[in-house]
Structures are given as structure tokens and as C-alpha cells.
Amino acid sequence: MAALQIAGKTFSSRLFLGTGKFGSHQEMEASVLASGSELVTVALKRVDLQQEHDDILQHLHHPQVQLLPNTSGARQAKEAILAAQLAREALETNWLKLEIHPDPKYLLPDALETLKATEALAKLGFIVLPYIHADPVLCKQLEDAGTAAVMPLGAPIGTNKGLRTLDFLEIIIAQSKVPVIVDAGIGAPSQAAQAMELGADAVLVNTAIATAQYPARMAAAFKLAVEAGRQAYEAALPPVRAHAMASSPLTAFLDA
Amino acid sequence: MAALQIAGKTFSSRLFLGTGKFGSHQEMEASVLASGSELVTVALKRVDLQQEHDDILQHLHHPQVQLLPNTSGARQAKEAILAAQLAREALETNWLKLEIHPDPKYLLPDALETLKATEALAKLGFIVLPYIHADPVLCKQLEDAGTAAVMPLGAPIGTNKGLRTLDFLEIIIAQSKVPVIVDAGIGAPSQAAQAMELGADAVLVNTAIATAQYPARMAAAFKLAVEAGRQAYEAALPPVRAHAMASSPLTAFLDA
Amino acid sequence: MAALQIAGKTFSSRLFLGTGKFGSHQEMEASVLASGSELVTVALKRVDLQQEHDDILQHLHHPQVQLLPNTSGARQAKEAILAAQLAREALETNWLKLEIHPDPKYLLPDALETLKATEALAKLGFIVLPYIHADPVLCKQLEDAGTAAVMPLGAPIGTNKGLRTLDFLEIIIAQSKVPVIVDAGIGAPSQAAQAMELGADAVLVNTAIATAQYPARMAAAFKLAVEAGRQAYEAALPPVRAHAMASSPLTAFLDA
Amino acid sequence: MAALQIAGKTFSSRLFLGTGKFGSHQEMEASVLASGSELVTVALKRVDLQQEHDDILQHLHHPQVQLLPNTSGARQAKEAILAAQLAREALETNWLKLEIHPDPKYLLPDALETLKATEALAKLGFIVLPYIHADPVLCKQLEDAGTAAVMPLGAPIGTNKGLRTLDFLEIIIAQSKVPVIVDAGIGAPSQAAQAMELGADAVLVNTAIATAQYPARMAAAFKLAVEAGRQAYEAALPPVRAHAMASSPLTAFLDA
């Protein structure tokens, strides 16, 4: 399997993890380890910068884990940019998952504010990974704005509905010059495998692992599925057919 | 992962392989090994009983591989029963994948002849695994007739369309007292994972591996996907939801 | 629109109605009239043969309405055949919708008993319309047994899930020499239209109308949708395409 | 059926038509008439403003038909605004279908330029109906910018794939204060009916009619389907269920 590169950094795992909604920090940490993930998002709104040893962060201190602070809860570019700058100083990373969603119910991304913030943050030296609608035109504009990757959603976040944006993901993957990471809606390992079979470079999973009955075991299942999907992509799946190739009768055997 | 039992025999792999349509016997053997499969079907019509060392069979002589002769090409119960008896003598196994399909175009199974043959073969001491339509009522009748497992199809054989019979597979899995093996139409690792997530006991794959560009690598991908799907089933996937849980704003962080 | 013929009788409407689950006989009658249906099923188990003027039947006495008694609740061929004979005498029709379903939960049809009963009833002079699984091989066997039409299900009855058996309905329609009526699972006018677009000869709808908030208005909606779907089939829909035909720029207009 | 209002104008038909890709102007005109449509788009790039009696326009002069010039081919807001102003003068209508798509292959809309142009054109007194991605956040921003309606796509334009953006259309319909018109990808009457059942206010169809074997007959089929879908929406479809309500046996009838 070819390794994934984002902004010059090499990842051997193509499964990224979100850290929200877990029952405990211990469960979250066990899931991160079981997943083999090397890129893990943490919501800035859940980080307590005042405290020297913030609880959630100390559970993410593992040599293979690159922290990816996210701006979840930001309602416009301005809020997101301010948060990014505070985060860079406090967490000592210029990697940023950019999330701007004005509506607290569906948490769907704001295309315009996301593009505006991506442009500004890229100029400020951030490695920006924006969460966006599966909009192929926007993806190209983000490329021009200096994005490090694009993170189109598969379905409304938190729904576990899978790749409802399939037709658009295919176009995005065909056109993109930066890595494509399917970011929301993936609710089962089979769906993660499907994204990889399509040619996505990676997937980000959170709800399906964090709210499973056994999160760490589910994380291990996703790890296998992402590897399966990537291997299938590289081994080139045969196309869908209208019907089987015709079969010969059993007569020869019976006459033998 | 709990092991699978069929007719008293334990299987640690839940991926079964068909051996048709490979480019060569070598490629087939490499794929069987890469898949980790312990149950491999071979079409009787492709076995030459006259020869001492039939070519296809010598490529399947591996200690972990249980041979499952199939009656592909049989048009009625009578033909299938005769073939089964010849196979038992020649191949020294009473395991049998029962396939009866009168139509050479779609290769769809004949419910009535399959039930009749299952009944007869079970009485003759065969371990019968019948390939059938995803018909929940027929599955219960096969149970009564002494079947060792049921093998409902996911889509028309050879089409790679995936789990088109999903709604019926769910009912079959909920009702069955014998193992349920999804048998036809599985065209990608993601689809194999999905069958396992539903609670299927195993899947049988052939076309998607044999006609991939790199069959052995595809077999390895299916191996991972089947494990992923089974682990996800055991770790209990969360349900599909209408929308995300509401999110809090970023204000607290920004004010910190 | 070409008219539909079943057993020599011509139907100008391709929408058949079931009469169960309505809130009242009045509502049922209004829905039958609004639907324009000319073939209406009535469950024998709901008919009181002792009474001279059974309530449900008197609401179905309309010149355009052909009654189609059904054997819903029958668990084997024997019960269904007995019921058919009593019905023929009492209701003075040899038309029969054959339903044999041993399981009271999913009400899925029994392929074997249905084939057996079809054969016997056809010999007894009945016009048999059997409710069956979307099993193409069974459909051909029913043809040989003298069925007047086949009634494959679209989804488990009562679920409103639509054409979940699409891939199999396509094969049945391509192969059938008798009319194909999609019989269960149709939960919205769009799904009825889709069945007609595929080339089905008619659809039978019950739950989606009877349990709608306004049944007669829903019946009228189904009437339009069935006509729309049939007309689209006859006007030959264009195929699905991977992308649009390329477009020219606006420059010429702007330069004018 | 309640009538549809857009910018104060009442429409009794909820089927809008595009006029591209027809074999002839005569065929286009026959289809418009058969569809009953009262709002018909015409691409500015196909209109010859120099000629007194442009060919395509004279085939659209019918009292019930409101012309909706579109800016198809425009690559940015600037081009679209210029074209709109020329069109208003020449065609004597301030109605405008705004289409901005930089990529000539997929013809997917540009969210940012569309929002910018909508804002400018609304201020200039245009009735703007923008073609957009099924992006719920963008739809609310267009509302704030003074749009008269939103026209989210169902699938990539010209593909006939149907409502691939279903999950997002549902959110848009639930949140919108302006009419929602599903605009691209609708390839069959069943799909138009489905959009109306979801609660869309109208649909716009072009390719599926213009490239059908018999366009005017297909237009008539769409007319029925749109009415069917709207009536079903108003009559309130019952929900999808996991299985049927349990059924009673036939015994009572047989014992009668």
C-alpha cells in the first residue's frame, strides 16, 4: 500500500479519528490505539487552555499521534481564525481542521466562510484541512486557496448514513490535486471500506466508534475495513455487470 | 471473534471462496491462500474424475482447506443427486454445495428442485449447503429438510451488485437456526463487510476476486473486510440517526 | 396507452387495489372509486358468507369493479384450495388471488405450496393470480402451471419500502409471457410509477392508500402515478449517464 | 392542490421545463404544451438578440408560459450579471434563472459566485432563481440575499440519476422560507413524483424529456407524475415500517 502524504508528512494509516462523544477519556484513548490512527482531531472548545495538564490532551500523547485541533462550534471565519491562532500557540501545532457551521442542529459546513478562512489561515502558515459539503467546485477553490486536503462529508454528520454523496465524491476524487478525506456520516466499517474503494485517500470516523457498544473493538474493525478498502482500490475491482457469464451444463461430469 | 461451526466442523475464517473464472490455477491457488479461506468450492463439471491427479484439485490440497464440491450446471434435483454421489466417491467428502439452476443466462436457483434435492441428500448423509434465492420461507423449509446451512444470494450471480436482497437477508438471519452464508453478487470488500455487519455467518466470494486485476491482493482485501464486518457486528454498531446531536459553540474556548 | 389483458379480460386501469386496513367501508369505497381501479382484492377471511348482504361486498358492487377474492391467511395449498372453492360458489367468480403464507409476522409467500395450489386451481378452472417472492425461476414454473399472471413482491408486505427487489423484477419482466403485477411493498406513488417505468403490467397497492391520512386523495395520486409510469415506459426513458453533455460558454451572447 | 407562488406570481403547474437538447423547436413546443408548464427556461446563449423574431422564442409565445432566461455558460458573477441585464432589456422580463458553472464537463454550480450574483441581481430588481448544490447553509444565505426561490440539484445535471441528494433536500425543504425547486438530475417521472412527495414546491426537468424517444408523450407523463407526487404529499404518506401488521388465519372463513 502506498503511503498517504499530507503537507509533506507521511501517514501509514488512512483512518483518522474524532474524539467526541466517547463515554470516557480512557475509552477514547483505547479506541485511538486500537484504530492505529496517526491523525486525531480534538475540539478546541473541549480543551482547557488554562490547565497545565488538560485531561483530554494527556490521553492523546502518543508518539504516532499527530494532533489535529478542530474549530467545531465556530460560526464564521473570524471566530475560526481567532481560535486557530490561540490553538497554535497553546498546542504547538499549525495543523488545523477547519469547521465552520452556523447551524447547531445539522452542523453542516458554511462554504463561503470556510473558503475565506482557509485562504487567511493558509497565508498565516497553517496546514488547513477543511470540513465541507461534497461540492466539487468548492473543492477546486479550496485548492487554489492553499488547502492541504479537502474533507467532504459523506452524509450529515452524526447520522451514520454512509456515502449519500457518492456521486459527488467520485467527481471530487477524479479532479482533486490534494488528498480527499471523507469526513462525516460514515457509520460502519463497510462504509469506510466503500469510501476507500472509490479512491478516497482517507476517512475520518467518530460517532460510529464513540457510540458503539464496544468502542475499541469497533475502532479495530474500522482499521481493518480501511485497509481492506484501500487494498481493493489498488487491486482494481471488476465492474458491475448486468448478468453472469453463461455457464456450461453438468453433463460432461455425469457422463465421465 | 466467536468461531463459526457448520455441521460440527469449526471454521476460523468466515470467507469462503469459489474457484471459477481465475486466469490460471496458480492465480487461484495464490488467492485461496491469501484469503485465508478454509472452505473452497470446486465445480464438479470442471473436475476430471478419470485423471489421477486432476489439475485443479492438486492446487487445492492444503491442510486448512475443506473442499466443497458444487453441482453448478445441474438443471434438476435428479442430476444434482447423481453428481453428488459420484463426487462423494471420487473426492472423498460428503460436503456438498447444492446448485440447481435451469436457466444458463442468470444462473438463478430453482427453489423446488433445491428443496427436493436437499431432503434426499441429507437422508443420504450429505452435509448440504444449498445456493438459494433470499426467500425466508424457503430457508425455514430447508432447515426442516436437514440442510447444514443456507446460502441466499445477495444479487444475481456474477453481477458484483452487492446486497440487493438486504431486506430479506435481515429476515433470514433473524429467523435462521442454521448458519447463513451470503453467496452471490458480492462484488467488493465493502459489500462483504456489510453482509457480516448484518449478522451473516459467512460470505462466499468468487467473481470479484477472480476477475480483479490482481486476484490475490483482492483476496487479501476481502479477508480483512470480512474480519472487519464480523468485529463490527460483535461490537454492536450504533443506529442510523436523523441528525447529529446538537453541538455547543466555541465561545468558551475563545473567552478562556 | 395499450390496454392490459388478463385471462382474456381487458383492463383500462393498471392500478389494482387491496381493501384491508381502511378505517371504514365508506373510506374504502371512496378510495376504490378515486383510484379508477377495475380489479379489487377482498380477503375471504373478512367475508361473512352466512350473511345475505355482507357489508364489505356491498361497498364493492360497482360495474367497473372485478372482484378478486384472496386467500390471505392460508398456510398451505390445501387450505387455499378449499377456500377458493367456497369463494367461487359464494361470490360467483373464478378469479382468485392466491396467497399462501405460513408465517403471520412477515406474511411472506410459500413458493412450493403456491406452485402446487396454482397447478391444482388452474385445472379446476380458476383464473389464478399468485402472490410470490420476486423469484424469476418460480415465475416461469407458475407459467407452466397455468397461472394467469404473476404477482411478485416489491418489498415485504406492509412496509412501504418500495422496489427493493428491482434487480429481480427486471429479469421477471424480461422473461415473462404472462402479465407481471408488482404486489407488495409499494408505499408511495413514486414507487408505483417506478414499477410501471420498469415495464410491469400493473401494480397492486393497499397499505399506502388505506393508512394514508386521506385515503381517497392518496388513491387519486396513485392513479395519476401509474398512468405517468406507464406513459413514460411507452415513451422510452433515456438512459442514466455518467455526466452531462458539455456546454458552450455564454460569450457569444455577451458579444452580440 | 394549493397553488404555488413565486415572487407574488401564482403557478397552477409545479413542473418547470428546460428547452435544451430537443431535436427541433417544434418538438420542444409540443413538449412544453403537453407538460402544462407555466415556467420555461431558455438559455441566453441560444437566443439571438439581433434578430427581430428569434426562432426559439417564437415557439414559446403562449399566454400561460412565463419565460425564465438562464445564464447557462456563465463562469463568474460578473458574466452572469451582464447577461441578466442584456436579457431584461431584450426579453422584457426581470425573471432570471441564475446558473454559474466554471467547469464545462459537469456543469456544477459555483456557490460563491452564485451567492454574490444573487445579492447584486436582487438589488437590481431581478426575480432570481439560482441553480445550486443541495447545500442547506447556502440556501439560507441565498434567502438572506433576496432570492425568490432556491433550485438545488438532485444529481449532476444531465445524468438522469434522480434524487441522489435526498438527505440534503429534506433539510433544505424543512428549513426554507422560499420555494424549493429541484433542478437537475431528474431522469424519470417516478423521480419527479418522489421530489414532490418529499415536499419540494416544484421540479425542473429537461434532459429526460428532450432526449426521450417521444418527448411530448414523456412531458405528459411528467405532468401526471408531478401532480401525483404533490397530491400524495398533501394526503400524507404513511411511514416506512419494519414489517407488516400481523395477519389473522383463514380458519374462520373455512369454518363458516
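Which chain is which? They are A, B, C and D, in the order written, and residues in each are numbered from 1.
Just so it is clear, a residue touches a chain if its C-beta (ideal position, glycine included) is under 8 Å from a C-beta of that chain, and two chains touch if they have at least 3 such contacts.
None of the values given here were measured: they were computed from a predicted structure.
Trainee: Identify the chains in contact with chain A as well as chain D, in label order.
Mentor: Common contact partners of chain A and chain D, which must touch each of the two, are absent.
Trainee: Roughly how many whole angstrom separate the Cα centroids of chain A and chain C?
Mentor: Between these chains, centre-to-centre, one finds 45 Å.
Trainee: Based only on mean CA positions, could you tell me how far chain B sits from chain C in angstrom?
Mentor: Each chain reduced to its C-alpha mean, chain B and chain C end up 33 Å apart.
Trainee: Spell out, as numbers or ranges, the residues of chain A touching 2 or more other chains.
Mentor: Within chain A, the residues that touch at least two other chains are 101, 106, 156, 159, 161.
Trainee: Draw the chains as dots and join the ones that touch; what shape do you get: line, ring, star, complete or other?
Mentor: Contact map by chain: ring.
Trainee: Considering every pair of chains, which are in touch?
Mentor: Final set of chain pairs in contact is A-B, A-D, B-C, C-D.
Trainee: Which of the residues in chain A come into contact with chain D in the complex?
Mentor: The touching residues are 101-103, 106, 108-112, 115, 133, 135-138, 140-141, 155-156, 159, 161, 164-168, 171.
Trainee: Please give the residue numbers of chain B that touch chain A in the complex, ascending.
Mentor: Answer in residue numbers: 21, 44-45, 47-50, 71-75, 79-80, 82-83, 86, 101, 104-107, 156-161, 187-191, 193-194, 197, 207-208, 211-215, 217-218, 220-225, 227-229, 231-232, 234-254, 256.
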